[in-house]
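For clarity, chains are labelled A, B, C, D and E in written order, and residue numbers in each chain start from 1.
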């Protein structure tokens, strides 16, 4: 695992009461970064054996990998997140 | 993961108090769509390594895939969901 | 997934206060039936990659499969469930 | 799955308030026994695809297997469980 | 599993209210140690099939392995943990 950047993630859930916004989950995920994500960015991560299919993760003992940076999120036809407006 | 449509899902649980209806779960799942699902549709999704067995997902770092659109759901012999009545 | 029967399951937990009975869990599992289970029967299911090792599930994108029908359950030497007494 | 003994397990958690003792978890696990465990014994179990690597579980649709019987458990240098004192 | 050291872990979560510190999770993980960790150290562990990719874990029925000892943790640009200050 030498030389890999690991990031702390807090999963974001779509709020059940108000689906126009995210609410932070309570758990913390440690994921290997494969895309060069920065602090505070909204990212997409994959878990389990699928994480090892991310670029250069083959045969690494990783169970969570960041595979993308999120541009926008739409819920019920309405944009609730945009990386540009952050 | 270029070119794949990803959808936000809210799992539906059969209500313990009243099994004739669904109640929304609290978590949010991000799944790759393999069937052309639309907003507001009830779908079937599969998680983990099984998700990579959905059509054209082989070797993709995906841990959740939508594999079907639900027509009807019966609980204890009674239909509690029908796509037509939505 | 054409032609497969899928069943809604409610996991049963042994009650912590009174281990002589089950209490229903709060979540709902969608599982492929491989044994011909009926409504209201107590079944055994397996999840994850192990589900694909059930009969005729190889290469199917399934993450939960019913692999047996439960006859009896004993807890601490006492039978708390019997299919015959249902 | 013919001929395999299955046991009901209640996971034990180290109590956060008082780490010198266990407190029972709320969920129930059904696991295949590979070591000849008895009622009331503290056991070690493994889940997921790793369960199929236990002796004689290859290609079986099992997602939880008991792989050991616990002799003693130490927390922060203090023994909080011993099979002999049960 | 003969000869392997197993450790009890309590996952640490970044506190949602105050992200400058950890709060202990409520669950307990049993993991095989592959790095020679000691009591009270902050460690990194991996779960599921990925655990079997840690050194000398191939074909072992393990679902959680300690793969590193944590030096420092930064959250939002601020160091919230350092092994040296423990």
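We take it that a residue touches a chain if its C-beta (ideal position, glycine included) is under 8 Å from a C-beta of that chain, and two chains touch if they have at least 3 such contacts.
Keep in mind that this is a model prediction, so the values were computed, not measured.
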item: Third chains touching both subunit C and subunit A; value: B
item: Chain labels contacting subunit B and also subunit D; value: C
item: Rotation angle superposing subunit B onto its copy subunit E by C-alpha atoms, nearest 5 degrees; value: 145
item: Distance from subunit E to subunit D - Cα centre to Cα centre, in angstrom; value: 20
item: Centre-to-centre distance between subunit D and subunit A (centres being mean Cα positions), rounded to whole Å; value: 33
item: Where subunit C touches two or more other chains at once, by residue number; value: 48-49, 51-52
item: Parts of subunit D lying in touch with subunit C, wherever the complex brings them together; value: 1, 6, 8, 10, 24, 26-28, 30, 39-40, 48-49, 51-52, 59-63
item: Interfacial residue positions of subunit A with respect to subunit B in the complex; value: 11-14, 16, 25, 44, 46-54, 57, 65, 67-68, 73, 75-77
